[in-house]
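When the chains are written out, they are named A, B, C, D, E and F in that same order, and each has its own residue count from 1.
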Amino acid sequence: MNATNFNQPLDSAVTPRFCEPATFNRLPLQKDFKGLDIGLVGVPFDLGATYRKGAALGPGKVREMSRLIRKINHATRINPYELCNVADVGDVPINPIDINASLNAIEAFYRDLHAAGVAPVSVGGDHTIPYPIFKAIVDPKNPIGLVHFDAHADTLDELCGTRVNHATTFRRGVEDGLVDPKRVVQIGLRGTRYGDDDISYSTDSGMRVIDMEEYEKLGRDKVIAEVHRVIGTGPTYVTFDIDGLDPVFAIGTGVPEPGGLSMRDSQVIIRSLVGKNLIGGDVCEVAPDLDVTDHTPLNAANLLFEILCVVSHSIAHRKGRLQA
Amino acid sequence: MNATNFNQPLDSAVTPRFCEPATFNRLPLQKDFKGLDIGLVGVPFDLGATYRKGAALGPGKVREMSRLIRKINHATRINPYELCNVADVGDVPINPIDINASLNAIEAFYRDLHAAGVAPVSVGGDHTIPYPIFKAIVDPKNPIGLVHFDAHADTLDELCGTRVNHATTFRRGVEDGLVDPKRVVQIGLRGTRYGDDDISYSTDSGMRVIDMEEYEKLGRDKVIAEVHRVIGTGPTYVTFDIDGLDPVFAIGTGVPEPGGLSMRDSQVIIRSLVGKNLIGGDVCEVAPDLDVTDHTPLNAANLLFEILCVVSHSIAHRKGRLQA
Amino acid sequence: MNATNFNQPLDSAVTPRFCEPATFNRLPLQKDFKGLDIGLVGVPFDLGATYRKGAALGPGKVREMSRLIRKINHATRINPYELCNVADVGDVPINPIDINASLNAIEAFYRDLHAAGVAPVSVGGDHTIPYPIFKAIVDPKNPIGLVHFDAHADTLDELCGTRVNHATTFRRGVEDGLVDPKRVVQIGLRGTRYGDDDISYSTDSGMRVIDMEEYEKLGRDKVIAEVHRVIGTGPTYVTFDIDGLDPVFAIGTGVPEPGGLSMRDSQVIIRSLVGKNLIGGDVCEVAPDLDVTDHTPLNAANLLFEILCVVSHSIAHRKGRLQA
Amino acid sequence: MNATNFNQPLDSAVTPRFCEPATFNRLPLQKDFKGLDIGLVGVPFDLGATYRKGAALGPGKVREMSRLIRKINHATRINPYELCNVADVGDVPINPIDINASLNAIEAFYRDLHAAGVAPVSVGGDHTIPYPIFKAIVDPKNPIGLVHFDAHADTLDELCGTRVNHATTFRRGVEDGLVDPKRVVQIGLRGTRYGDDDISYSTDSGMRVIDMEEYEKLGRDKVIAEVHRVIGTGPTYVTFDIDGLDPVFAIGTGVPEPGGLSMRDSQVIIRSLVGKNLIGGDVCEVAPDLDVTDHTPLNAANLLFEILCVVSHSIAHRKGRLQA
Amino acid sequence: MNATNFNQPLDSAVTPRFCEPATFNRLPLQKDFKGLDIGLVGVPFDLGATYRKGAALGPGKVREMSRLIRKINHATRINPYELCNVADVGDVPINPIDINASLNAIEAFYRDLHAAGVAPVSVGGDHTIPYPIFKAIVDPKNPIGLVHFDAHADTLDELCGTRVNHATTFRRGVEDGLVDPKRVVQIGLRGTRYGDDDISYSTDSGMRVIDMEEYEKLGRDKVIAEVHRVIGTGPTYVTFDIDGLDPVFAIGTGVPEPGGLSMRDSQVIIRSLVGKNLIGGDVCEVAPDLDVTDHTPLNAANLLFEILCVVSHSIAHRKGRLQA
Amino acid sequence: MNATNFNQPLDSAVTPRFCEPATFNRLPLQKDFKGLDIGLVGVPFDLGATYRKGAALGPGKVREMSRLIRKINHATRINPYELCNVADVGDVPINPIDINASLNAIEAFYRDLHAAGVAPVSVGGDHTIPYPIFKAIVDPKNPIGLVHFDAHADTLDELCGTRVNHATTFRRGVEDGLVDPKRVVQIGLRGTRYGDDDISYSTDSGMRVIDMEEYEKLGRDKVIAEVHRVIGTGPTYVTFDIDGLDPVFAIGTGVPEPGGLSMRDSQVIIRSLVGKNLIGGDVCEVAPDLDVTDHTPLNAANLLFEILCVVSHSIAHRKGRLQA
């Protein structure tokens, strides 16, 4: 298979945007992973959220808003559908009541995807989901780095007496040896805190925390340089909790925190990752029923595309498709 | 093929309602019409509307709300997926700017569907669309009857200098010999009028008009008897302009008129059509952006299912599947 | 002047509904009262409301939703623009802070209107406004009857230490000799109460109170007969607090009470007033910001038209225009 | 303590409705159960819901909308605050992630309440919550009857592999001997079904199922008679799944089903329970973020008050406070 | 006529903002163009939009939100009503179904306006409308320059097989010799693209394209300098597609693209045009039903005022009213 | 009493955010002022607003959104509940109709609070409320300085013929000798103006006005320096009209003006006040019904917390609690 056979989004000049069932980026829904480089996965899971659930509706709505996404990245000129074979591979069959069954289902789905050699770019679901994803696709012998956009560190030890939820994800990942904290950069942290040590695990374990105070002090260019320095050349995953954005961009999320990142800055930082060694990514915590204007899932759809662009470029590079 | 091979909706106990891209009633999207008895079609067309457009977004949103629809009709016990092979056959590729190109595309799509022996149950789109559908699927030698739910008669001669739009549909159908006015019943008419003769073509041509005044006077049971009397045993099509409902059930439509039908009454009337000779149907004029509560498309999804039930029963009868 | 010169609404086939600044029923805005029979008046006043204000925005939004209203009453066939010369005469220049200045401004505006021989059909504003209107247009020698739709009796003596507010209107009217309680019928009362005597002034003074319990017991036809009996042939005013409707029809109001009237019933009751001696009317308590679906002002615009129809018929009768 | 010392709602003439933190019916928040007859309890639990969660936000929003509720029932003239000492006793401290911990917390809270001799009237939360409530307050030697308003029977054996969720509640209650199926009446059932046997447990176990078809056929008066017949004089609990209402009254719920009960009918049926032997009740499945118009929690607040009225009357009767 | 006779907005201290039918900036509605310098025109046209229509409702809603606009520009101190005689001249009578009839109606309306010596400042309507406006008011011997705010270049050759739509406007203008591409500056371009050559006509024809990447690199001051350089002293028109703004400022538009201009930057750039040779302007693509918060039309109303200020200043200069 | 006895917010790990009636910051509701250092006060007053009322609903909704606020300031590390004893002291019992009675009630409430030695941090209510607050808590011998965030100067002499309303507050304060204009800084002014002299009283009286033009020119750091210079070491009050924010952060307010402050900048400026001599503060003009996304009250809740942090620090310093 070569690029001429890759899946293509529906052409809006032939099939207008309002036509046909919504899939991610108007790609074919392909439940058979064969031949794919990248699978766009929905993970409609919100059993790990502690306040307002609703992120289980995220994948459906992001698909809907991705009707607005075209093929080519305005800034980087990347066309992911020339570089990789991409499909909407559907949703993980979540159990809406049993959190453990759901976590197992997520892990199993990504194991299959990984076994088929397909890199995942996902839409959550709450921010618990990177943990089972990491368990499925990361070899502890080769832990990954993270570019982690978020208002919160998600490195608590437990919350409400549970150890796997949307506030503990990355601590669990480090403890399991799946995430190399030295290659993790957390961007956008802010918001009131439960305790002074809310983010101490992040810093103690060696993660590079760039909270909004430092973000502003450094400026975007230096932040990008720092991101590149931290993740280096090792395998890296991009995880975007939509609440990393200021609530003006993402009111439709469980725990919005004023004073956050802009879409523009987020787009530019993600675009800067062209050339990095990327293995996948996700956009999480989109709770569409909390935003009747559909602005939050619109931004999520755009971020999904940005992540897809840089991941597809990385994969094309690894597969030797970028020569000349 | 027999019922054991018919398409089935996704099982919500295995694949929860929030999972997977939204198709009509969670059925497979099947662009190849072969083997189907009924095709659920989206017609995202709103170029025939004269005030507030937005019905082009109807099919996408009704698909989304049909996540709530299960398999079996509570009242009639009909399971359409045991009676017929049904699929979401996707949307007509509308031209969003060129009304004539769009009308031609609709007609062509339904010609293909009809040629494949597939009966259509559709989601509009504005209420212009029955006209090109009739042109595609009705033989003037055998004109059809209509059960027509609406606040408006849609039998003007022209509006805004145009002759094919959402206010002239059924007049055109009669003039082309596709609709037998003697076998048409219009239910729910009401609302202020432009002129005293707004609905005169309906009555002059012999349609049975049951406006809300008469509806209330007769009561639902006698209305049903009258519907049965009018349509008789000939081929009949069910067309439901969502504005036939009172606006409390359907505020998300271009021209809502207070004082209309209830969902309950509409459900019961449609259910009464079991045993009639039905060839298809549609639900039109759902403009989801005018109803942030999603109530209108929820009702549309339920009406779509009601129409599917009676049409599937009719087809199963014609195909001899109902014995014993 | 005769009917051929009467103001006419913009013709939607020439000037589509979305065109031109919104006036009541798309009529000319005519600040000079000369030659008018009926003035449609906006009274953007909400200083008499005790919980959620916002009815000051009512006239603007009802104008907007009246884009949907055509010329002829579906049921009665009345075309008010053939019977009377009607205009949108604009809004009373309310003082948004000073309640007494506002009440005086209302009274003064209606005095001028009345002096010009123009009957008012108004859009509030909270339900305080009938009181200053009555003071302006009613001669205590000839007190009026009322057809009063409401969830509440509005006959308290005082509320929050004030005596002129939206809960005391009709008691003040009776005390001032402007309203004849024997010719008042209150329809739709219900809702929890502050005290057992909430509505005692109504009954004690001789008003005919038809609460929802009795409404249901009598049925609409007998209610209509009772309305006719109570108001008789004397001068009568129709006042419609939008919260008389069930909240499914009017969630955009300050004090919604479940279990109320339907639009259908309200329409039919108002239509029954053809032939009565009507001097004006109003629709009050529409607070559009409390209903993002615009359903409440849609219903208000329809009720305004219904009241206009019967008032115009009464005036035409009095002016001898109905012969032949 | 006598009635002169009972808790009273804030007086709106002194403390307007928009003043002070929202509690149920503007009652004192009283965490000490001593001296109370009835506790209004919030149960912010939605871990038993299978599609759209969000009912955990129900209690907070119903409190907010109960600012509109006054003291006296319009139809029955019951003033619950003269009959019983009532308080908002706060919310069960739900665990937002661990379903079993939450169910245990609910049971424990109601055990304490029950031990203090306080009858519960609750706001959910999804419709799983009656099960742990029954476990806490019902003696299997004296199983209770139910007046159960709902679109769904909630008597499945399991859903998604789990046995305690919002679709199995009343089967569990019967199996545990807490609910006497012969004294259960289910009102309002309708909606598409997963299987023909969705409600077979209800009928097989002897519950009296009045679906919407039968409801309409019988009419409200005969339904009321049937309710009275079924529950008899034994201890009875009123459980109201808000989706028993037609979605026009309750779009803010996880699984709305068109063609349901009206608020008016629901109010009248509940009011008919004056004189019955009532031990408590609840309103469940209010998911406020699904209804930006706040209509659903408004209705829930009104239903809560209706249930409070009849329960308070029953308790006052049992406590001998009704003589004279 | 001199400034003392110019139309003035209603005085909010006398006629509060919620009073009177909404016109642009609370100016008189004046259908007779005589004596006017500037006409504020509504163009309720959305037949050129390819995805979500709804901009036909723009003029009505912008009028409504312009209730918030006062008389004097905070930053420039321009009072347009001292400099020019301005009126709301109403809306072009669009045909809601026939695109060609509508385009002709637009052109005809502006020809009349132009013949009367009145400069237009307009509210769309989709972004097709500048083309018929240019045909009406521009002499090909003296083509105009443009300050064009937009997320998209609108210089495609065709879309969906049509050549006049909201994506081809400025190409058509250049081809007809009405627009001098060398004097066009396009600001704010961004968003995913259909093809690499989406904006090639802009650059090939000599337009100055400042996409968001360059905008950010240059900074606002240099962008302003570049705008001034490009448009020079020739006749220039300001066209503002509201989607040039970031979606946080304008979610109510058909094709929002994250990462765009701020209101602040847009205000400052427009204000910088004082002293330029301006002939008119427009704000387009406001689709109010897509933004229930009314934020988008609020911003449109403010941008309309900003454009009015600089155009009125330019006209006053040309008419010699600025001396002293 | 010492810090170990200070009131603490409910612990979200024990009592999740959705549990319990909403109070400011989940603090106890304590109507007895004894032992408190700071009272969080609701002032549900909107009788001083001139366009869209609705700010009376502000305190209730800000309480609701403050469920999201934790205990510790991310940037300053201040935990106000370690420094001061804080409670939600409830709402001023506003009269919803009588503006003077309400102003007197506000003044009386704060006199009591002040007499008890409790500093107020308040949530309005419209921006009239600082005036009666100042009358209650300021000794004219020791007038206060202000850090005043706003789009408008609020220093008109009168509006609509009234002298105490939300546009005259700070002029009245100066005239009464309660506010020292030399120690007032107004930040964020912008928006169209009624007249050239709208803000002349501000500048004439010696206030330091930093409008958005100057804000942008200076940059945030120099603005902060200027704020510190102006207020010096004297007693200072922080008053935040939510419309000081750009409407993207606060569309839910009566008079939004595009081009304003960001939450981030506002947070940083308030945080800079650590060490200043602060006596209280407020957040005003939150009209929640104008923002169905709840974004405005979310930001208000965050600003309330920011003000609480710096005020609590100042009080702790004055009370000698900061040593070591």
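Following the convention adopted for this analysis, a contact is a pair of C-beta atoms (placed from the backbone, for glycine too) under 8 Å apart; a residue touches a chain by one contact, two chains touch by 3 or more.
These figures come from a predicted structure and were not determined experimentally.
Trainee: Need the most distant chain from chain D, centre defined as the mean of C-alpha atoms.
Mentor: Computed centres place E farthest from chain D.
Trainee: State the pair with the higher C-beta contact count; candidates are A-E and B-E.
Mentor: A-E
Trainee: Could you tell me which of A-D, A-F or A-B has an interface matching D-F, in the sense that over half of the contact pairs are shared by residue number?
Mentor: Over half of the D-F contact pairs recur in A-B.
Trainee: Round to the nearest whole Å and give the separation of the Cα centres of chain D and chain E.
Mentor: Chain centres of chain D and chain E, defined by C-alpha means, are spaced 56 Å apart.
Trainee: Chain C to chain E: how many Å between their CA centres?
Mentor: A distance of 40 Å separates the two centres.
Trainee: Could you tell me which residues belong to chain D and also touch two or more other chains?
Mentor: 16, 18, 50-52, 56-57, 67, 95-96, 159-161, 248, 290, 292-293
Trainee: Make each chain a node and each touching pair an edge, then name the shape: line, ring, star, complete, other.
Mentor: Chain contacts: none of line, ring, star or complete; other.
Trainee: For this entry, which pairs of chains touch?
Mentor: Those chain pairs satisfying the definition are A-B, A-D, A-E, A-F, B-C, B-D, B-E, C-D, C-E, C-F, D-F, E-F.
Trainee: Hey, which residues of chain E end up touching chain B in the complex?
Mentor: Contacts found on chain E: 46-54, 56-57, 95-99, 101, 159-162, 165, 289-290, 292.
Trainee: Note which residues of chain D are touching chain C in the complex, please.
Mentor: Touch list, chain D to chain C: 12-13, 16-18, 67-75, 77, 248-249, 262-264, 267, 292-295, 298-299, 302, 305.
Trainee: Spell out the residues on chain F that touch chain E in their complex, using ranges where they run on.
Mentor: Touching chain E from chain F are residues 50-52, 159-161, 189-196, 198, 211-213, 216, 246-248, 251, 255-260, 290-293.
Trainee: Hey, which residues of chain D end up touching chain F in the complex?
Mentor: 14-16, 18-23, 29, 42, 44, 56-57, 59-60, 63-64, 67, 88, 90-96, 292
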